[in-house]
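What follows are several structures.
You will see two complexes here that share chain A, one where it goes with chain B and one where it goes with chain C.
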Partner chain A sequence: MQAFQLHQPNSVASATQQRAGKDDARFLAGGQSLLAAMRLGLNSASELIDLSKIPGLAGIKVDGNGIVIGAMTRHADVAASADVKRLIPALAALAGSIGDRQVRNMGTIGGSIANADPAADYPAAVLGLGATVQTNKRAIAADDFFKGFYETALAEDELITSVRFPVPTKGAYEKFKNPASRFALVGVFVAQTAGGVRVAVTGAAGSVFRVSAIEAALAGNWSAAAAKAVRVSADGLNSDLHASAEYRAHLITVLAARAVAAS
Partner chain B sequence: MTIHISMKVNGKAVSADVAASTTLVEFIREHLRLTGTHVGCNTAQCGACTVHVDGRAVKSCNMLAAQASGAEVTTIEGLASANGDMHPMQAAFKEHHGLQCGFCTPGMVMSALELKGRFPNATDEQIREALDGNFCRCTGYQNIVKAVKAGLAA
Partner chain C sequence: MKADGIGARVTRKEDQRFLTGNGQYTDDITLSHQTYAAFVRSPHAHATINDIDTRAAAAMPGVVAIFTGKDIAATGIGGLPCGWLINNKDGTPMKEPPHHILAVDKARYVGDQVAVVIAETIEQARAAAEAVEVDYGVLPAVADTATASKAKASVHDAAADNVCYVWGHGDAAAVDRAIASAHKVSTLDIVNNRLIPNAIEPRAANAAYDKSSDSYTLYVSNQNPHVERLLMCAFVLGIPEHKVRVVAPDVGGGFGSKIFLYAEETVLVWASKRVGRPIKWTADRMESFLSDAHGRDHVTRVQMAMDGNGKFTGMKVTTTANVGAYLSTFASCVPTILYATLLAGQYATPAIYCEVTAVFTNTSPVDAYRGAGRPEATYVVERIVETAARDMGLDPAEIRRRNFITTFPYATPVGLTYDIGDYHACLEKAVKLADYAGFPARQAEAKARGKLRGIGFSSYIEACGLAPSNVAGALGARAGLFEAGEVRVHPTGKVTVFTGSHSHGQGHETTFAQVVADRLGIPIDDVDIQHGDTGKVLFGMGTYGSRSLAVGGTAIVKAVDKVIAKGKKIAAHLLEAADTDIEFKDGVFRVAGTDKNVPFASVALTAYVPHNYPLDKLEPGLNENAFYDPTNFTYPAGTHICEVEIDPDTGKTEIVKFTAVDDFGNIINPMIVEGQVHGGLAQGIGQALLEGCVYDKESGQLLTATYMDYAMPRADDLPNFTVGTHVTPCTHNPLGVKGCGEAGAIGSPPALINAITHAIGVRDIAMPATPERVWRAIQSRA
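Up next is the complex of A and B:
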């Protein structure tokens, strides 16, 4: 791997100070995407700011009608949490389906959503449940957080500290895995929330997105058949050697229907 | 840039000044000369480099040594008894022909042992799920699953 400077701050304030004004510095959370990408030459950094020594960034707590998950909480801990399994079982199941066991033991929720990989699972839960991303500066609604291909609303020196998920009435996540990489070829999160029905899709385009046509259909009739009856346009969807845009569009309705059936 | 790290590896305190970009597996193999942990893909896919960090199975090629500073690390060398007797999980891999060339085996054994802590009576499906991040390119997985099942029961 290329040489870089490594900082191991012990507070959020110190971490963000070290990041400020440096285009070429990166926060290092669990590193399951970043380190592999750096070794492959797909990403680079002159400085890494390791967040693992900052106390208080990991942990799960119930907060009123929601669950607050610290940014450095590992996927395996979300998957195993009794509170998450009881209140938002779809979120626990989603966390338990990310990558493989070793990746889930290192990868963190904050790292995953800050990276905003277009095929990552967590963005579907954040957007599908209408979560709120808390940073050192502000609270960002999920609808305002994901901005595009590996792009988020985060400023350079802004660090995610936790994510708050409101408990939905119903929710489920279904994905069609790429059989080689196990990333979501398409993943769909459906939820009945206080703010209405939400349907979020990952893997199908440059960024996670909502499908208002399926949301409208499910708002009137929460059934697999209603989801399946919607035709999703292939415009703007990914087309690659794994699947055409038309295939992905079809998968969105199929997986939305399966998720509704499982909810 | 070098950075000072210290950790416990197989119960023994170790420390060193290493380049910041040193991965945990490089530290284990090239500084500590514990070469039982293997590097297969070096891109976090194959799982041959799996070790335990504070009891969790992780891919040591995809983690900086500095991230493990302060932690307790267990490698395949930490499993056998002082008299050289294999750990029951290692013995089960031998008994049930859970390997051919053996390259993936250290990682398989470390993943299997983490599973033992979570599901001591794991089903075949749970075993396969736990080994999702460990690739074998020789034998297929039938005997590996058989070995893990026997190792969990031992």
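Up next is the complex of A and C:
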């Protein structure tokens, strides 16, 4: 791992200031993706801006018909939160299924969604529940946040401060793990929300995405059978060492049906 | 039975230091004036090395020296040797192209080392290695086992068709007659998937040259330090053997991959004199994936001929084995001598013929990996036996019963003589432990839940206790295969044992101490086992092939018996009796039939304080050594039964029960044996279900070079194992032991694949049987 300069700002404003205009600087949240990439030589950031010293970025609070989770909240804290377990148990279960114990104790929700790893779990919850991503500049609807392969709507000096999840009527997440990495080979989040049925898929393509055909089927008939009857196209899905696009497409319906049954 | 003697579940003496972080591994050893090496490795599978420009790298901070293949070749250093000569069917020798310790004109696999950078710190060495500019001329790569001999490109000019050898074993004509006259012939085309060993501790070395004595010390993560020294001194560097000390300290797993003499440590020893400072290198994980010798990688067609009763009448096996880019130390014997000789399995098949084509490819060298040839043989035999049962409409247990060897000694048609075994006993015990009779009910219950349940057998055999040196020599071995041991009794009766075996997870420090404590009648805490240092241990061939106890343990027993024999003479003097009247039992020398006795510790003290001692006819001291060369292989065998449940929606396989009944001969420490079985099963299940090394067939790039892509078995992939033993003591070593280290990895893959193919009703499924492969197989059947 190459040497780098570490900044530890104590406010969002100074953090974004330190980031502005520097190509080689990166925000450091939980470090569970960035530091591993740097160790492998896949990322050569020369400056890291550690967000862990900024007060107020971590924490979970109930806000009307929603839960607001601070960007620096660790996965383990979301998984263990009584409020999250009571109001959106699928979200707590999802957080508790990320990586391993060490990752869950370090990794953060803000870091995960800002990184937008195509196989990460949180993006499925953000998109599946129709969450709102709050940054230092604006509120971004989930549907507008994920833009592609490791790509989000965030500007370079824009920092996620929290994510607001509306409480759904029903919701569940089912993940089929890659046997090697244990990331989602395919993960499907289904939810009945105030805005309608939402089905979000992670792991299967370059970025998390919604499956309108299954959403339509479930809108009329919230049942496993309805989800399973939908044939999802393999077009545009990942095909790699671990799974073909066709198999991933098949898993989407299987997992959507299981999620509905579990919801 | 003594509480800490033979047969006791003694907790491992070595675990105190391992579990408290006090193990001393090669990377833990830092010498004064230490420097660090980083290797420049080829990013291409096959490329000419047109030029290496080291100027920019040499100018970087902390760089001490940079050497290329040309620098080394200029000093007259040849390449790494292959330890086993295999001849072609026509009697001509195999192709042995040079294996330079740094590539000279060409790089032949991704990861092939082309230069070494030595610097003050590891970071500086790595940074400078990245700055070495190599002008490569990329060539087409050969990366597919099955088609390598027909590829347009040649890995070596000396083997234009990429064939290292075509070797035959057995009676081809008799097998052809059996096939022609068979009631039925079952045929399978199967692949034994390539594996990457993945020891927890990566390979590491630290080489130091001492100018005052003109000698070298090499610390290296290795399974057989004396062999490492012998090969390096005599065949590569030409350094006098007595001027090199090789220490293999605590080693965090080997599985075969640390048997071999590798280029990296050889370069370090060579460079340590030139640099005049110690040089350390520890592989990072990706280097391990790229450059450790891999395992398996066979493509095979097998045919089994049967009569109307399902009795085997002949078996024909045709295999293409990938040896990688260069011949690693034992690469040539693994797919031949350690493979074809095991093809009889537990069965009285009268005629067997095997032909093996070994091919060079632009991939990492392939060599012994836990089981080494025997898992490949067992996979062939146990898959075709199960398939034959299905083809004949016979129960898989029944076809085995009909064909088991039952009289011993039994000479197989492939060159081995099994001394003893009871294959029916293992099978019947496994059938009972697995509740085979209850399987149909469990299958029906699973079906009601929408799951596919299957059960598969594997009745494996292995040849361990490598090996009678004269037999191995006649088969092409370029080394002896005995073992050495030394028992040093101290004046107080405490004992230090030196063994040429090496422990890197096996628990020798406990098992061997149990043997010695039991035989000498002293507490186990009075015995220490020393291994892994050519400066301490007189000689050794090391640990592989489940040989340590059967061969190394026997050498120790022989030395202990010499100690007892000498002790009897000393006791006879002290007790004023004839030597022949002294008996030794429970740590006490006694005049037979009397209560006159002297304890072991008193005899030891007398040996070193010889005031009242027969100095006229006996030397003082109590220190004995012994060499033991086995008279035969040992033949552990057993039956594994695997039961799986498959989710047809996803193709995911769950192992619901795994039963292993093994005959390892006598057992010294059942806890350690069970641990070895569990670990072996995990590796075998890993091969069958999860692990697959994949090279891109076009580019020769290793696609599974991290744990993100290479699936290792984890605890939650595995069931609780049901293990049992049946004992037929080995007839030709004093402990009656056979070896247990590899059995789990040998027996389990076919049991698991037989279970999966049974569950979904297909003839074959490729390993690893990933969920998608299983799902597709289910789709193809539907």
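Points to keep in mind about this one:
The definition used in the following text is that the second predicted complex is superposed on the first by the 263 of 263 C-alpha atoms of A that agree within 3 Å, B and C clash if a C-alpha of one lies under 4 Å from a C-alpha of the other, contacts with A are read in each partner's own complex, and residues count from 1 in each chain.
Quick note on the criterion: contacts are C-beta pairs under 8 Å (C-beta built on N, C-alpha and C of every residue); 3 or more make two chains touch, one makes a residue touch a chain.
Everything quoted here is computed from the prediction, not taken from an experiment.
Of the two partner chains placed by the overlay, neither chain B nor chain C lies in contact with A:Leu42. Note on chain A: of its two partners chain C and chain B, the one contacting more of its residues is B.
In the superposition on chain A, A:Ala13 makes contact with neither chain B nor chain C. Legend: residue contacts after superposition of the two complexes on their common chain; A:His242 is shown touching chain C, with no touch to chain B. Once the two complexes are laid over each other on the shared chain, residue contacts for A:Val103 go to chain B alone; chain C is not touched.
By the touch criterion defined above, A:Ala194 lies against neither chain B nor chain C after alignment on the C-alpha atoms of chain A.
When the two structures are aligned on the shared chain, A:Gly31 is found in touch with chain B, with no touch to chain C.
Across the superposed pair, chain B and chain C both touch chain A at residues 2-3, 40.
Per the touch definition, chain B reaches chain A in the complex via residues 1, 3, 19-21, 23, 42-44, 47, 50, 56-59, 62-64, 66-67, 69, 111, 114, 129-130, 132-133. Interface residues of chain A, counted against chain B in their complex, comprise 1-6, 8, 28, 31-32, 35-36, 39-40, 48, 50, 52, 76, 99-103, 105-106, 182. Residue ranges of chain C in contact with chain A, taken from their complex: 123, 127, 286, 649-650, 652, 689-690, 694, 703-704, 706-712, 717, 770-772, 775-776. On the chain A side of its complex with chain C, the touching residues are 2-3, 40, 176, 178-181, 183, 241-244, 247, 250-251, 254.
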